Amino acid sequence: MPRMLYAEAVVEVLRRSVEGDDRVHLMGQYFLGLTPHRTMVGDLYRQYPDRVYFPPIAELGYVGAGIGAAIAGLRPIVDCATASFTFQAFAQILNEAANIHYMSGGQTSVPMVIHYNHGVRGGGAAQHSHSPQAMMWNTPGLEIVTPSNPADLIGLVLTAVASDNPTIWVDHVRLFDIEGEVPENIEPIPFGRASIPREGTDLTIFASSWMVRRSLEASELLASEGISVEVVDPRTLVPLDEEAILRSVAKTGRLLVVDECHLRCGVGAEIAATVAEHAYGDLLAPIRRLATLDVPVPFSPPLEQYVEPTTAKILAAARSVTGVQSGA
Amino acid sequence: MVVTAPAQSGPEDLEMMWRIRAFEEKASELFARGKISGLLHLAIGQEATAVGVCGALQPTDRVFSGHRPHGHAIAKGAETGRLFAELAGRRTGYCGGKGGSMHLAAPEVGFVTATGIVAGNLPLALGAALSSKCRGESDVAVAFFGDGAAQTGLFHECLNLASLWQLPVVLVCENNGFAEFSPLSAHTVVERLADHADTYGIPTETIDGNDLTVVRPAAAAAIDRARNGGGPSFLECLTHRLRGHYEGDPTLKRGAAARDEAKDPIQRFTRFLHDAARSAELEGIEVRVRAEVEQAAEEALAAPWPERDDLLTNVVAQP
Amino acid sequence: MTKTIRYIDAISSVLRQELERDDDVFILGEDVSYGGPFGATAGLSASFGPTRVIDTPISEGAVMGLAVGAALSGRRPIVEVMFADFVTLAMDQLVNHAAKIRYMTDGQLSVPMTIRVQGGVGGGFGAQHSQSLEAWFLHVPGLKVVAPSSVKDAAGLLVAAIRDDDPVVYLEHRGLYWTKGLGASDETPTPIGTAAVVRSGSDVTVVAVSRMVGVAVSAAEKLAEDDIDVEVLDLRSVAPIDWATIDESVRRTRRLVVVHEAVVTGGLGAELVAGVHATAFEALISPAVRVGAPSTPVPASPFLECLYAPDTDDVIAAVLETLHER
Amino acid sequence: MLPDLEPEALVVLLERMIVARRFEEELIELAGDRDIGHFHVYIGQESTGIPALSLLEQGDLSFTNHRNHGHLIARGAEPGPMYAEILGRATGYCRGKGGTLHLASAEHGFPTTSSVTSGCIPLAVGAGLGLQRLGSDRVSVCLVGDGALEEGAWHESANIAAMERLPVVFLCENNSLEALGQRAGEYPSSTMAASDLTELASVFGIESVAIDGLDTRAAHQTMTEAVHRARSGGGPTFIEARTVRWPGNRPIWPELATGKTDLSMAWDASLIRPEHAIWHREQDGLLGFVRELLDSGCVTSDAALGLDKRATERVREGLAFALDSPYPEPEEALEHVFAPRGD
């Protein structure tokens, strides 16, 4: 199977989307953030100049314009660049896009994709390191996809583009350099189906986006300590594959949620609460949550590392949930 | 008491411009060496607006800047050592390493804060101005922003509010012709950004922002107007950024032509002072300032990292 | 001396009291000099003039940021956001500026401001005028969030919010405005970060917030008829959460129900359940249950709206579920 | 002045104006009898919206706001399903999920209605972008009040519309005169520093014009030109219609301050009582339109009363239909959060 970089997969899925449907237009220019990869999108833009729109720095206006364009019949993929800038567009994303289908009693659909790059990326400090997906989750009406590898990315975004709903496509700049196998004729991946990138029996780790990579890394190390970890990657937060999580917890009896949102009311809270409610009898130990600490993300490198869920923290948390002493 | 802003500029301003230039060039070098992380936006080539405006302000006047803030902070009186320490994430930085380049703050010298959000500082400056006005104080607030900010909704909301309430604020648009990576023409059909302010009845001036001898008197007039109850002003400074949007920008195409000396505010002001027969006063400025900046950088890099306990402090007021 | 007043009057009188007490306090908002849509600021403009009660254009983003700027300059602005949903228009200023400036500047600056936000269901206002957004605010470090359910706390928490040195989001429920209760006669603040035990009980702990506190209490009263002894906690402070009070109660009752009007998914209840599970796992003898709105926008039809928000029966069902687990 | 239209077309306009008026008068009365929640009325603006929007064609999109009833009626929406929506019934255009604030009817060219001030502006501009890129000659019409121009969304969207020369018509109904908190005669608004709202658009090079909201001919003609400009690739237009705020709009909860409209006042001035004489003589666009039609001989007073009777009946039948309609099934509350998924 051919391998490709996650960043290449981003370009690939944009290309396939544009090629596959005349109605797909791209709005924005930071799909690959400010990383060196971003020149790769440039080729695509040059190839399809009529299908690309470079908006001014006006997130409220241009995200809203994407919504309107979707209502009128386009299927725009709108890029908000850094997740933090979605706050400027909240009024349009969360008060318009999320509500329109419902408010109109199903008369009107908003077939669009909204892309952003989330998370701690190194030196982004408080205003460029957000993971707002938990807030989006708290607002019904948006589908949320959180790919963690090139193949899933392509399959999920193909589904998102074909979906008649507003879909939030969450990327992480640290994923761009990940390499992975991508089948030649990759098919759209249906929403609401988690993947289990690693099977295990002692502990379930729930993780999405970049945290899947870190959890897999930690699981590898834990295996050598005799702890068998199962990693559940939901792939889409909305809709959520609750059954896959509950099934895994039923098997392992222990849950660690690793997530890059802030802790309070983050993605981890919802997962923990769901499992606490529905798999209470299966639990052998308290659920642990690992998330970005509840402070604004600090700038200084050692401080930044201290707030984000690192592999070392995953190891420590996994040992504590499974009752294995650290340093074992 | 009404203070009148100095409308003239002299060698001390050249020194300040060199300080900013030396600071940013050093920052660029440290970034390339991996001593500074994160996003670093430089304003090399725009020193005349920072020095022209801040040099006409009083210490208690309040400045609010954006993601390209170093020059404004230095011109307002911030220490280069503590700024370097902040850029390098050290405990001795102004913000103890929690802010970094885009979130510099040195309120003790009236550089209240910077923000990484385009146009995010405009309402903050208006709030400071509202505060002065309602309290009957004479402090003026200044917001520095780029041409990209003029396309944001906040810009429009703030022009309306500043005019409606006749706030003592000077809105300084550093129009360097580029919003992030794109030329202004890709962002708006409006050629003269000050036209927006005209619409709201705000006095405007569009000037050569690379000529300190033009910026200073224009700034002084605007600041005096604000201080004397004349309300807001909009100063559009046409300037030229000699670097890419940020350090490490892979699309940087602004090479030799952009380095045109004719546009360099430092060269221009140097020539002006020479022409004014003040050459003698200029000697050694650059060397002295570069050495001072070098020393400041060295000390900053030798400073300790923050402690882990620092992480959780100052999220909210300490009990 | 205390007297019976309405929730909205408690807000009005605290606003007046604080404007009188501290010259740095001022009010900003749309139509506030005319009292705003529900009359919370009625009459204040006449007493304090246009520099203390300031009408703004419909520019939520700029107004929120402007208040932050004034707070940075040492004043204590109170911003009125007409409907919670409109905070979306000011989200960047709230999240990226108000909440973070103290931290980003390592304590060099303070942002002492109060954001009065009116929200909740009732009146068929539909999806864009009825949301309960406390989970968003709880998710933002640097913000304090309070949601009074009683007239007394409406006053006490507002006093505390205005005098606090950090940005405090003060959540008012439209459906509580005309409820009556004993108001505090003086200006006693209700400490932010403390929950209240509004009904003691030994069988189940029900944690509720805002309008749902009353719903929880009436459910508890009905359950008492069947000898089920429910303890009801009024969270009052959404951020920070009073974990000590919750923990103490849950360890005693060993059962937990959380009730809020907001959407369940990703809501405040998720945080409470996850938190309790982490710290009092061994004490619980049945699964915690969350009661809240379904994952849909708020429907406008009064009929659907009634079904949307949790009611007494929903709370009773949840309590019974914790008592008769599998 | 009357629009440059055939008499039959003018009569259609009159009928729609009467329907819009009666629709809201009935609504205000109904609100006196039962709690139907808060709503905003369009009374006083019919002479702008009805001639302007009636000329839109199938496929043209319009995005309105909280003051939308008249706009929908202008494009042919029926009183029955509109009332049903306002009352939260299953037969409403949005099956009770939108209500008065989000009253939308896709089949009449209203795909969604935002009640967030300025919420519709980016949507309308985006629809213009979509239509342009799809190669359609349809237009997108953005209906706002003066307050919406205070929001940043206006500025961002106007810039985009101008940059891309989008087929968008901004129709701003400025009813700030004597609005809540306004001093009489104060235009454009006490919370807007720009002395002329059209400058907010013309600064972007957008073709801009201000008209008298009572002038049906101006509304019809400027809209015709704007729509033509949009259809032929000429880009956006901004129209500011200066309308009068009806006294019944104050304070926020509408009341029948001037009584139910009596069309006879148009030809019999003796019926006009002194307390609202200015409204009835000079400011009520409906009465003004009737006077002009009488003067031009397009209709007789009897014909006008006949139209009124028919319109009133239609409105009452609509209300009865709505009141008889069932509420939605409770489980419908969970439907339409998402469009059906293909997989």
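The chains carry the letters A, B, C and D, assigned in the order they are written, with residues numbered from 1 in each.
Keep this in mind: contacts are C-beta pairs under 8 Å (C-beta built on N, C-alpha and C of every residue); 3 or more make two chains touch, one makes a residue touch a chain.
Note that the coordinates shown come from a computational prediction; the quantities given were computed from them, not determined experimentally.
Enquirer: When B-C is set beside A-B, which has more C-beta pairs in contact?
Expert: Answer to which pair has more contacts is B-C.
Enquirer: Based on mean C-alpha positions, I'd like to know which chain lies farthest from chain D.
Expert: Of all chains, B has its centre farthest from that of chain D.
Enquirer: Please tell me the distance, in whole Å, between the geometric centres of chain B and chain C computed from their C-alpha atoms.
Expert: 40
Enquirer: With chain centres taken as the means of their Cα atoms, state the distance from chain C to chain D in Å.
Expert: Each chain's C-alpha centroid was found; their separation is 37 Å.
Enquirer: Nearest whole angstrom, what separates the Cα centre of chain A from the Cα centre of chain C?
Expert: 30
Enquirer: Could you check chain C for residues that touch two or more other chains and list them?
Expert: 56-57, 59, 61-62, 85-86, 88-89, 92, 96, 103-104, 126-128, 141-142, 294-297, 299-300
Enquirer: Of all residues in chain B, which are in touch with two or more distinct other chains?
Expert: As it turns out, chain B has residues touching two or more other chains at 95-99, 103, 115-117, 151-154, 157, 160-161, 164, 187-188, 310, 315.
Enquirer: Among the residues of chain D, pick out those that touch two or more other chains and give their numbers.
Expert: 92, 94, 96-98, 102, 114, 116, 119, 150-153, 155-156, 159, 163, 191-192, 337
Enquirer: How is the touch graph of the chains shaped: line, ring, star, complete or other?
Expert: Topology of the interface graph: complete, with all chain pairs in contact.
Enquirer: Which part of chain B faces chain C closely enough to touch in the complex?
Expert: 62, 64, 94-99, 103, 105-108, 112-113, 115-117, 120, 122-135, 141, 153-154, 157-158, 160-161, 164-165, 310, 313-318
Enquirer: Which part of chain C faces chain B closely enough to touch in the complex?
Expert: 26, 51-52, 54, 56-57, 59, 61-75, 77, 92-93, 96-97, 101-110, 141-142, 144, 164-166
Enquirer: Can you check the complex and tell me which residues of chain D touch chain A?
Expert: 61, 63, 92-98, 102, 104-106, 111-114, 116, 119, 121-131, 133-134, 136, 140, 152-153, 155-157, 159-160, 163-164, 335-343
Enquirer: Which chain B residues qualify as touching chain D in the complex?
Expert: Contacts found on chain B: 151-157, 159-161, 163-164, 187-190, 195-196, 198-201.
Enquirer: For chain A, which residues count as touching chain B in their complex?
Expert: It is residues 29, 34, 36, 38-39, 54, 56-58, 60-61, 84-85, 88, 122-128, 293-296, 298-303, 306-307 of chain A that touch chain B.
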